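Two complexes follow with subunit A in common, the first pairing it with subunit B and the second with subunit C.
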Partner chain A sequence: MSGGTTEYTIADDGSFTAPLELFYPYKRTVGPLLSRFLTGLREHRIEGTLGSDGRVHVPPAEFDPMTGEPLSEWAEVSSTGTIVTWSWQPSPVEGNTLQHPFAWALIALDGANTNLLHAVDAGSADAIRTGMRVQARWATEPVGSITDIECFELVPESAA
Partner chain B sequence: MSDDVLRIRTPIGIKYQYSAGPRVSSHLIGLMEGRFVGKRCPSCHLVYMPPRNGTCAKCGCLLGEDVEVGQRGTITTFCVVNVPFLGQTIKIPYVAATILLDGADMGMQHLIQEVEATEVRMGMRVEPVWRPREEWQPSMENVLYFRPTGEPDAPYESYAGQL
Partner chain C sequence: MRDVAIIASAQAVNTATTTATPVEMLIPVVNQVLANAGMARSDIGFWCHGSCDYMTGQPFSFVSAVDALGAWPPIIESHVEADGAFALYEAWMKIQTGEVDTALVFGNGRSSSGDINRILTLQLDPYVVGPLWPDDRSIAAMQARACLEAGVITERAMAQIAARNHHNALTNPVALRRGEHSVEQLLAAPLVASPLRELDCPAHSDGVTAVIIAAGDRARSLRARPAWIRGIDHRIESQNLGNRSMTTLPSAVIAAQKAGVANDKIDVAELHAPYTHQELLLTAALGLGESTSINPSGGALCANPMMSAGLARFAEAAARIMDGSADRALGHASSGPWLQQNLVCVLEGE
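Here is the complex of A and B:
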C-alpha cells in the first residue's frame, strides 16, 4: 500500500483538505483454469469450461455449479455474440479500456451458455440495444488479460 | 507451457478528497512546517499529539486549543521486530516504540533507528530525524525515525502513568 498527497487547500476556517490516494499494487497467481483462459486470450482464442449439464461457462467456472466438482473439459467459443443487457458509461474512469463513453454489456458469446461482462464501443447510447450482434476487438499488444479484448464492437446489421 | 500466463496484476487504487476538519487540520498543517501540533482537552487538560479524531478518549468532549509539543520525547515502551514479512523495508531487528513527546500526555508510535535494538530501553530520550524539507507532506512520515539524543534517561516516574 502506498499513499501521498502534494496538493492541498486550507480554507478560511483553517480546515485542511488534500487529495489522498490509496493504492494496492496487487499481483496474484491465477491457477490452472484461468491460466489457460488468459493464455488463450493472448492468442485471440476464447475458451470456456464444459459443465456436467453440457453448459459452457465463459469466463471459465473452476467448479461445476451443479455438482461442485472441479471442471477440466474445455470448449472454444466464438469471439462474436449477442448483447443480453447493457448500461451506458458516460464518463470512463482510469483503467477502462476505452477512454470515451461506451456501454458495459453482458454478452452471450456464440457457443457459450453464460454471459461475459465487457465494454462495447457503440459510439452513443442511441446506437445500442439488447439483441444486437457484437464482435471482439483485440488489443494491439496482448499480455494475457481480459483486457486483451479491448472491447466489443457492433456488427453492422447487413453483415449479421 | 512455460510461457503460459501464471499471474496477473490487479492493482486497485482509490482516490479520495480528504477533509481533515477543523480539529485535525492544525496538526497536519503543523507537520508540513516541521512542528508537532496537538490539542488540549478543555475538561481533563490532557494534551493529545496526534489529536486523534479531535475528541478526548477519556471525556468524550471535543478537544480545544492547539498545543505545540516538543521535538524530543521519551520512549515509554517498545517492541523489537525480529520477524521478516512481505514488504518489509527496514532491516531487522528494529524497534517500534511508543514515544511520549515533551509536553504531550499521550504516546505515539514511531520507528527507532541509529541504535542497536539491544540498547533501546524504557525512559530513553529520543529526537526525530526529518526528511529533507522539500519532501515534507502533511504526514507523520515526514519523520523518518527517532534516534537517541544521548541525554540521561527520563526518570521512571515521569512516564509511569503512560504504562
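Here is the complex of A and C:
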C-alpha cells in the first residue's frame, strides 16, 4: 500500500508527520429504488429495473439511460452469471469482503443486461478466465448492503 | 467568441512525498508563472483553482490556498473540485463573458497524504460499488483485460507505450519516473494487478501546475507566439461501470469532434492517460495518427499529480506551440474511472 501513515516520523528538516484518520459517522437514506434492491439482497433476491429499451439494469438504474425518465418496473435476475472481465487483487485491503487474494470481476447475471462489479473467490489467478460461470455466496449475517453478497464463487465446470 | 490563448505555464518538480503544505507548494509555482509571463498579481483578472479535499484530508482546503494568491486588494476567484484543466475551462468561459481579459489557473494535489489507490475508491458509486473497496488499479485492470481479450490492444503495445513515455520523461525535469526500458524487459516484469505491470500504472505524485490565459491583443502583448485555444469541449461517460463500453470512449470521440481535432493535422498531443492501455484507447478515440507526437513529456505514467496532471498536459501542449516546435497541439485531461471524463482542447500558433 502506498501513501498514508500509521507511523510518527520526523523528517530531516524537523517537520513532524503523524497519522490522521478521518471518518464520517453519518446515516443516510438511499431512496426508494436502492432501498428495494438492497433489502432484496438481505433476502437473497437480486432485482433490477427495466429500461425503456427492455434492458434490465442490475444494480438498478434510477433513471433510464436512453430517455432520462425515472424507472419503476422491476425484474428479478439470477444469482448466477458469467464473468465479462476480471483483474487480480494479490493483496486485499481493509473493507474488501475477502481477506485473501481474489479476483475483481464484472459479472453478467443471467437475466441482466448490465454488469455487476464484485469479488470472485477464485483461489488463484490461474483458476479464473473470462466466460466462466459464477454464483453468489451470501453473507452469513445480511444487513441490506451490496456486501450481503460476500463474493461470487466459480461454478464447477460439470455443473455449468 | 473571443480568441483566448495560453501565454505562460509553470510546474513544480513532482515528488513521491512532501511535508510541504498545499500553500507552501503553491507559492513558488504561482510566482514562477507570473514571472514567466512578465505579469504582476494585479494584472490577473480572474483566478481559478482545481483541487480536491480528499487529497489533503481537510474540508474547504481550497480556501487556505488563497493565501498563495494574496486576497487583498480583493480578487475575483473561483474553485473547482477537479483537475486544474477543468478550472482552465471555467476561466476560458469567464473571459468569454467579457468581464476579464486575463486569468491565472492552477491545480495542485498532494497524493501522498493518504493511500491514493484507496482515496480514488471514494469516487465510485457509494452504494453498490464503494462498500466493496475496489482500488484504482483493480478497476483499471478490468478495463485493460477487456481490451486485450477484445483484441483492441496487445500487451506488447502497452509495453511500447510504457517504454516511450519513460524515455520521453528523460528530458522532462519535473517528471517523477523516467528511464530507458526495452519492451522485452517490460513484458518480463511481474504483474501487480493482472493484467497490469508496475509501469503500466501511473506514477502518483505530489505536484502543482499553473497556467496563464489571456484574450486577443492582451495575449499577443504578453507572448510572441501564444497558444490559441481553437476548440475546447468536455464530455462524460455514465458513472455506472457495468453499463459502459470497456473498449471504446464515446465521450472522448464526441469531445474531439466538438473541439475540431480532425480539422487539420495535430503535431503534438498530450494525453492524460494514467494507464498504458488508456493511452491506446484515447489515441483511437481522438483519431490521432502516426504523424502526431504523443506525450513528449512522458505523460501521467511518469508523473500523475492528482488535480494537476490534466492541467500539466495543457501546459506541455502549449509549450510546444509557444516555442515554435508545433503549429497545432492537443491537450487532454480526464478524471474518473476508465477515463470517465474527457476534456479536449485544440491549441494553435498564429
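Quick note on the criterion: the second predicted complex is superposed on the first by the 149 of 160 C-alpha atoms of A that agree within 3 Å, B and C clash if a C-alpha of one lies under 4 Å from a C-alpha of the other, contacts with A are read in each partner's own complex, and residues count from 1 in each chain.
As a working rule, a residue touches a chain if its C-beta (ideal position, glycine included) is under 8 Å from a C-beta of that chain, and two chains touch if they have at least 3 such contacts.
What you see is a predicted model; the values in this text were computed from it and never measured.
Undergrad: Looking at A:145 after the superposition, I want to know if it touches subunit B, subunit C, both of them or none. Which is it: first, second, both, neither?
TA: A:145: touches subunit B and subunit C.
Undergrad: For the three-chain arrangement built by superposition, which of subunit B and subunit C touches the greater number of subunit A residues?
TA: So, of the two partners, C touches more residues of subunit A.
Undergrad: Tell me which partner A:8 touches in the superposition: subunit B (first), subunit C (second), both or neither.
TA: It touches subunit B, and subunit C stays clear.
Undergrad: Using the superposition on chain A described above, determine whether A:115 touches subunit B (first), subunit C (second), both, or neither.
TA: So A:115 only meets subunit C here.
Undergrad: Now for A:61: first (subunit B), second (subunit C), both, or neither, which partner does it touch?
TA: second
Undergrad: Does the superposition put A:19 against subunit B (first), subunit C (second), both, or neither?
TA: A:19 contacts subunit B only, not subunit C.
Undergrad: According to the stated criteria, A:38 is in contact with first (subunit B), second (subunit C), both, or neither; which is it?
TA: After superposing on A, A:38 lies in contact with both subunit B and subunit C.
Undergrad: Just subunit B (first), just subunit C (second), both, or neither: which does A:30 touch?
TA: After superposing on A, A:30 lies in contact with both subunit B and subunit C.
Undergrad: Applying the touch criterion given at the start, work out whether A:158 contacts subunit B, subunit C, both or neither, answering first, second, both or neither.
TA: After superposing on A, A:158 lies clear of both subunit B and subunit C.
Undergrad: With the touch criterion stated at the top, can you tell me which subunit A residues are shared between the subunit B interface and the subunit C interface?
TA: In the superposed arrangement, which is not itself an observed complex, subunit A uses residues 4, 13, 15, 17, 20, 22, 30, 34, 38, 94, 145 for both subunit B and subunit C.
Undergrad: Using the touch rule from the top, collect the residues of subunit A that touch subunit B in their complex.
TA: For subunit A paired with subunit B, touching residues are 4-6, 8, 10, 13-30, 34-36, 38-39, 42, 94, 144-145.
Undergrad: Show which residues of subunit A lie in contact with subunit C when the two form their complex.
TA: Residues 1-4, 11, 13, 15, 17, 20, 22, 30, 34, 37-38, 57-59, 61, 65, 84-90, 93-97, 104-106, 114-119, 125, 130, 145-147.
Undergrad: Mind pulling up the subunit B residues that touch subunit A in the complex?
TA: 3-22, 24-26, 28-29, 137-139
Undergrad: Give every residue of subunit C touching subunit A within the complex, in rising order.
TA: By the definition above, subunit C touches subunit A via 17, 19, 57, 111-119, 125, 127-129, 131-135, 137-139, 141-146, 149, 191-196, 204, 238, 240-243, 246.
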